[in-house]
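Consider the two complexes below, in which chain A is the common component and chain B and chain C are the respective partners.
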Partner chain A sequence: MENAKGKERKIRKRKYNLSAGAIVFICVLLAYPVIHFLITWVYINSQTIALSFTRYNPVVNDYQIPNDIFYNYKMWIDRFLHDERYSSILWNSALYIPVTCGITLPLSVVCSYFLYKDVPGKNFFKVIYFLPSILPVVVLTMAFRLGFDTFGWVNALLRAIGVENPPIWFGTKILTPAMIFFYCVWAGIGYNVVLLSGAMARIPRELVEVGRLEGINFTQEMTKVVIPLVWPTIVTLFTVGMNTVLTIYLQAYFLMGSAEGNFNTGTIAMYLFGNYSNQQQVPQLAAFGLLCSLIFVPFIFLGRKIMNHFFKEVDY
Partner chain B sequence: MEASKRERCVRPQRAARGQKEKRTTAQKVVLWVVFGIFVLYAVSLLIPFLWLLLNSFKTRLEFSAGVVSGNGGLSFPAEFDIANYYEALIGFRVRVGSGESASDVNLLGMFGYSILLTATTTFLEVFFSAATAYVMAKYDFPGKRFIFAMVLISMVVPIVGSLPVMYRFMGKIGLRNTLPGVWFVYVSGFGFGFLLMNAHFKGIPWTYAEAAQIDGASHFGIFFRIMLPMSVPQLLSLAIITAIGYWNDYATPKIYLPSMPTVAVGLDSLTKEIQKTSDYPLMFACMLVAIIPILVVFACFQKAIISNVVAGGIKG
Partner chain C sequence: MKLSKLGACVLAGAMLLPLFAGCAGTWTGGELGNDVDLGQNDTSNRSGWVLRERPSADAFADKDLYITYFNGGYGGAWLEEMASTFEEDYPGVQVHLNPTNDVNTTLEVELEESPYDIYISQDIAWEYLGARGLLADLTAELYDSVIYTDTENDNTGIRFRDLLVPASLACSSYQGKYYKVAQIQGAGGIIYNKTMFDQYGWQIPATYEQLQELCETIVSAGKVPFLVAGSEGYLWDSLVHDWWIQIAGEEEFSRLYAGKDKDCWNPAVYPYHKQAYQYWYDLFVKNKDRYLYPGFEGLDNLMANSAFLNGLAAMMPATAWAVNELGKDMIEEVGIDVGLIPTPYVKEAKKDENGNFIRVCYDVAGRDSIVVAERGNKDLAIEFLKWMSETEHTLIFPKNVSGTLMGFKYETETLLAENSPYCKFTWDRDMFKLLGEASFRSTGYSTSYLFIDKKVSDYPLGNKYLDCFTNYGKPSELTVNKIFDDAWNEVNGHWDSWQIV
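Right, the complex of A and B next:
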């Protein structure tokens, strides 16, 4: 038995051709990342799942499994269906999908295409457009909001061109979310543009030349040559854009000045960020997060799958 | 012979790239219209900061007078006084922590915390990313595919709701509100840096290692004395981009290190405090001082930063 095990080990060792020194080296260098992954991903996520089926018991100061283990999930489903405060969190978060994937991404593709077509000053534009990506969100959001404040430069310009009563940009139920979405588009284009420009720069000139010889115009070249060739990058950005439904919060948090937000600007991630330190609520928050993931992750994967069907990846 | 063949192949490509596209008048008009739109967008990104800059030199009274007159702060200051900058950097303080551990911190102190946190975390993240990427790129060992798959899944599948559990876990192991705690949260070795370095190490021929092995170098020796020195440009680029991310991050230091407010975290508190006094020019000075280090780094390493974002995005 011992012999058989030893033989097997030897065969495996020969297959991988690893010396004892190599095994030690691999183990030492991978020890921290693997342990970290096991703790922060496997353990924390499994704990999150386990705790989502419990309730906090103040008597014993611990989490206990209630008679109805789906209590937290049922509570959230009920809140999402019947309480406007919570359903608006889902709705607000979901609206970021059309904003990022339906507005920011297409605008970024068009911008990148014209930078690729050598619009005058393209390098300058790339640098300026990338600036929002390297500045702290807290500064960028404040700079944006102050401009639209009652004393800001936007209203002053509007008054100068004859608009007597400019709107209160961050003060109404309809305009406030619209301004947050506008901010996301305004600040979000640059990062996409840099990535897409990089992908477009890798397109062999010969491929574009062929189209040009056939007399295609800008629109045809963009839609029939360039976009199919950079499609994998577009799909990646689309997926990242869809993920914002679960991850976005800082923009609305800083623009509204609190985690609660006003005028229903709260998102899934903002709700978690605003309540993470309340230990009594851990089971409810875990269930909330997991339920939101269960609702939106299938859409994210479906969106990615549909996008992948449009064009096949081409090696060039 | 080989070289001249390569030259012959490369020259026409270079010539093609250098050649300007012949464009129709309609295409030229389109490009200039796009140029105009690009200029407007670039101006919209710069104006908020120019507005902050102009007004940061004003006194509170001067700014208020401008607001009352309705010019929206779009006027030059009577005098370019740097008093607000001195006050922003040293004079104005916010209280952090509670009870006996409470202390007053100014923006200069926040810079110190940011530098300490960014430098140490960047070093650790770059080292572990390089080590993990090197092992995964150059060694074949059992479980390698599984590790790779798990890493990719953890990057692609967004699971929300684990923040309260992670916060609780960090408290349990005594790492909450400590620098090592933040290192643990940040440094994984499997992330953007891993993808970037993995692609880089895959491109380095193994013959260098074989030559060193003949000379008696160990696996550790090859990694530390040959592979890492050969990767210094990539490591530096990765370090810059990683450092910018840590410098700007708000959520992690806010949650896990409240007693050491970094610039991103402290600026939020500073501006909220200043807003209570309506000293907007001081607030603008704080915001501008906070972004100066990032702008300097970006100005110096702009190409490396953008090319790494592109490489990471495309490889990711």
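Right, the complex of A and C next:
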């Protein structure tokens, strides 16, 4: 029996032809990602799932499973369906998908293409686009907010040109979220442009020249040559953009100076951020986060799948 | 393919394992523990008080005291002065201060590992941390410890708990134990530009009707009566909650915070809050275009304060920290004086036996906490708090922080004395006078689990102040009736499922 096992081991060793040093090397190489995965993914997520089925019990000052194990989930479903305060959080968050993927990303592609086409002052524009991405978000939001405040330079300019009642940019239910979206577009383009510019720079010149010989114009070059060739990068940015539905909060938080989500600006992540210090609510927040993920993650996968169907990945 | 399916099953199993591994036990029933004794000895006459004999520094094995505090609102000058004075009184002891903008994020981990000895901040989840054993139980060692002996009253011991104002004592215990010391006592109302008032000869309103008249007078003078940050709805609580307490009286107001009767959210049975809210709505929402600065909805706190300092409006709703937020230096630089108008009385306000309105106040600031880490230098930390409660040391705070007092009892005459170092602006004098006059002050704190777990609040559906003002391009359709009816439906519909014990 022992002989058979030893033989099998030898065969396996011969199959991969690995020396002891190579095996140690592979183990060391894999150790970090595996441990990282186990701790930050398996452990954290399993704890979150477990917590979401509990409630804080003040009698023992601990989290325990209540009689109704789905209490937190039922509570959130009820709130999402019947309480505008919470349903609006989902809607506000969902709106970041079209803003990020439908406005910021296409604009970034166009901007990147212009930079790719060697427009005069290309490097200057690169800095302009990228500057918002390297400044701390707190500084950038403050500068943006001060510009559009009641006494900001935008309203001063509007008054100077004869607009008697300039808008209250950060004080109404519809305009305020729109301003936050506007900020996100403005500040978000730079990051995308850098990544897309890098991808476009790798496009072989010959392919572009063939297109030119075929007589295609700029628009055709962008849509028929450049975009298909950088499509994997676009899909990645699209997926990251869709993820904002679950992750975005800092922009709205700093622009409104509150985690309460004044004027329809609350998001999923902001709700978690604003309530996490209340330890008693942790199980509810875990259920909230998981339920939101259950709602939006399928859309993110679907979006990615659809995007992958447009163009086939090309190696060059 | 088979392998990946197997892998997925293993992962799913690993993730579900904790569910069955007893990470959360089954539900334990029982009582939450008795309320603490809130009784206090008489402290009205301090003439015969003799201070305790303080221990020397040698009594403490560890002579280093580490304090971390939230470096907002009240600044750090008061604590720096306290630290240096404490070091003088206890030679050999060293106090190390750590100002920070965020106490709470890492607080629980710090308390478990290597904590500071004292934490001073807002929003500390002290009930939870205390019950987890991470905060020192201050009941016996601090709250029951004798700080003074009253030689004119049968040598009665004046304990730490006797030195606190009742509202500060009432908001510091959980499940029968004291875990925190209330840092602040203050009051809300209306901050006014006294320089402007003096210039135009406007009178301070004592009643709601007089406030209405004052607004009209200010408008007719071509000025704007009120300004408020559009981003900070809670500022209106200073007026609305005061009116609520005025109408309801101490007992009925406190009944809601007991969290035991859902009818407290039913405006048909408990009308006081709705009445107060209606007063606010009638004065400010209905007259928004005349009484409030145009475009105030678009101002954040910083901009609103700046606009007020520059005289764009005569008044703002204010909390206790208003002057500190405006900035003492800024007020002096602009060259104005500011004062506090106590919330004017509404006609339903309760009266005393002499027919005078009873002065009450709601204090948003009163929930800030001082806590001691169980695993820190507990003995020295508690000694510091005892020392802090001594009369002369309590005065260090108002000397450095405009118009705000710690949670201790103060002698109003001392604060308001001529050339008082505690009164820089008219605001300070007005505030101390108001705190001295108030027969009931509430921080709106509740020990009810429903409040602590944020299932209910005094506003079950948020305060809605901002939503009453604006709905892009047209007036808000939100009415007081809708706000309170929705709130009642929410509470009534969920009350049973919210009960946990």
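Please note the rule applied: the second predicted complex is superposed on the first by the 278 of 316 C-alpha atoms of A that agree within 3 Å, B and C clash if a C-alpha of one lies under 4 Å from a C-alpha of the other, contacts with A are read in each partner's own complex, and residues count from 1 in each chain.
The rule is simple: a contact is a pair of C-beta atoms (placed from the backbone, for glycine too) under 8 Å apart; a residue touches a chain by one contact, two chains touch by 3 or more.
What you see is a predicted model; the values in this text were computed from it and never measured.
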Answer with clash or fit: chain B and chain C placed together on chain A by superposition. clash
Let me test your reading of the model: by the given contact rule, A:R85 touches which partner, first (chain B), second (chain C), both or neither? second
Touched chain A residues, chain B compared with chain C: B
Report for A:M75: first if it touches chain B alone, second if chain C alone, otherwise both or neither. second
For A:V314 in the superposed arrangement: first (chain B), second (chain C), both or neither? neither
Partner chain(s) touched by A:I300 [first = chain B, second = chain C, both, neither]: first
If you stack the two complexes on chain A, which partner ends up touching A:Q279: first (chain B), second (chain C), both, or neither? both
Scan A:Y129 for contacts with chain B and chain C and give back first, second, both or neither. first
Once the shared chain is lined up, is A:V210 touching chain B (first), chain C (second), both, or neither of them? neither
Looking at A:I26 after the superposition, I want to know if it touches chain B, chain C, both of them or none. Which is it: first, second, both, neither? first
Identify the partner contact of A:W169: answer first if only chain B is touched, second if only chain C is, both if each is, neither if none is. second
Stretch of chain C, among 9-17, 99-107 or 441-449, that runs into chain B once the two complexes are superposed: 99-107
Once the complexes are superposed, what residues of chain A are shared between the chain B interface and the chain C interface? 45, 47, 51, 146, 151, 155, 257, 275, 277-279, 281
Show which residues of chain C lie in contact with chain A when the two form their complex. 11, 14-19, 23-32, 104-105, 108, 123, 125, 128-129, 131-132, 175, 230-233, 294-301, 303, 307, 449, 452-454, 461-462, 466-467, 470-473, 490, 497, 500-501
Touching chain A in the complex: which residues of chain B? 13, 16-17, 20-21, 26-27, 30-32, 34-35, 38-39, 41-42, 44-49, 51-52, 67, 70-74, 128, 131-132, 134-135, 139-142, 147, 150-151, 154, 156-169, 184-185, 187-190, 218-220, 223, 244, 247-248, 250-251, 255, 263-264, 267-268, 271-272, 280, 284, 287, 290-291, 294, 298, 302, 305-307, 309-311, 313-314, 316
Listed in rising order, the residues of chain A that touch chain B in the complex are 12, 16-18, 21-26, 28-30, 32-34, 36-37, 40-41, 43-45, 47-48, 51-52, 111, 114, 117-121, 124-139, 142-144, 146-147, 151-157, 159, 186, 189-191, 194-195, 197-199, 202, 205-206, 209, 212, 217-218, 233, 236, 239, 243, 246-247, 250, 254, 257, 268-269, 272-273, 275-279, 281-282, 285-290, 292-293, 297, 300
Going by the contact rule at the top, pick out the chain A residues touching chain C in the complex. 42, 45-47, 49-51, 53-67, 71, 75, 83, 85, 145-146, 148-151, 155, 165-166, 168-175, 256-258, 260, 262-263, 275, 277-281
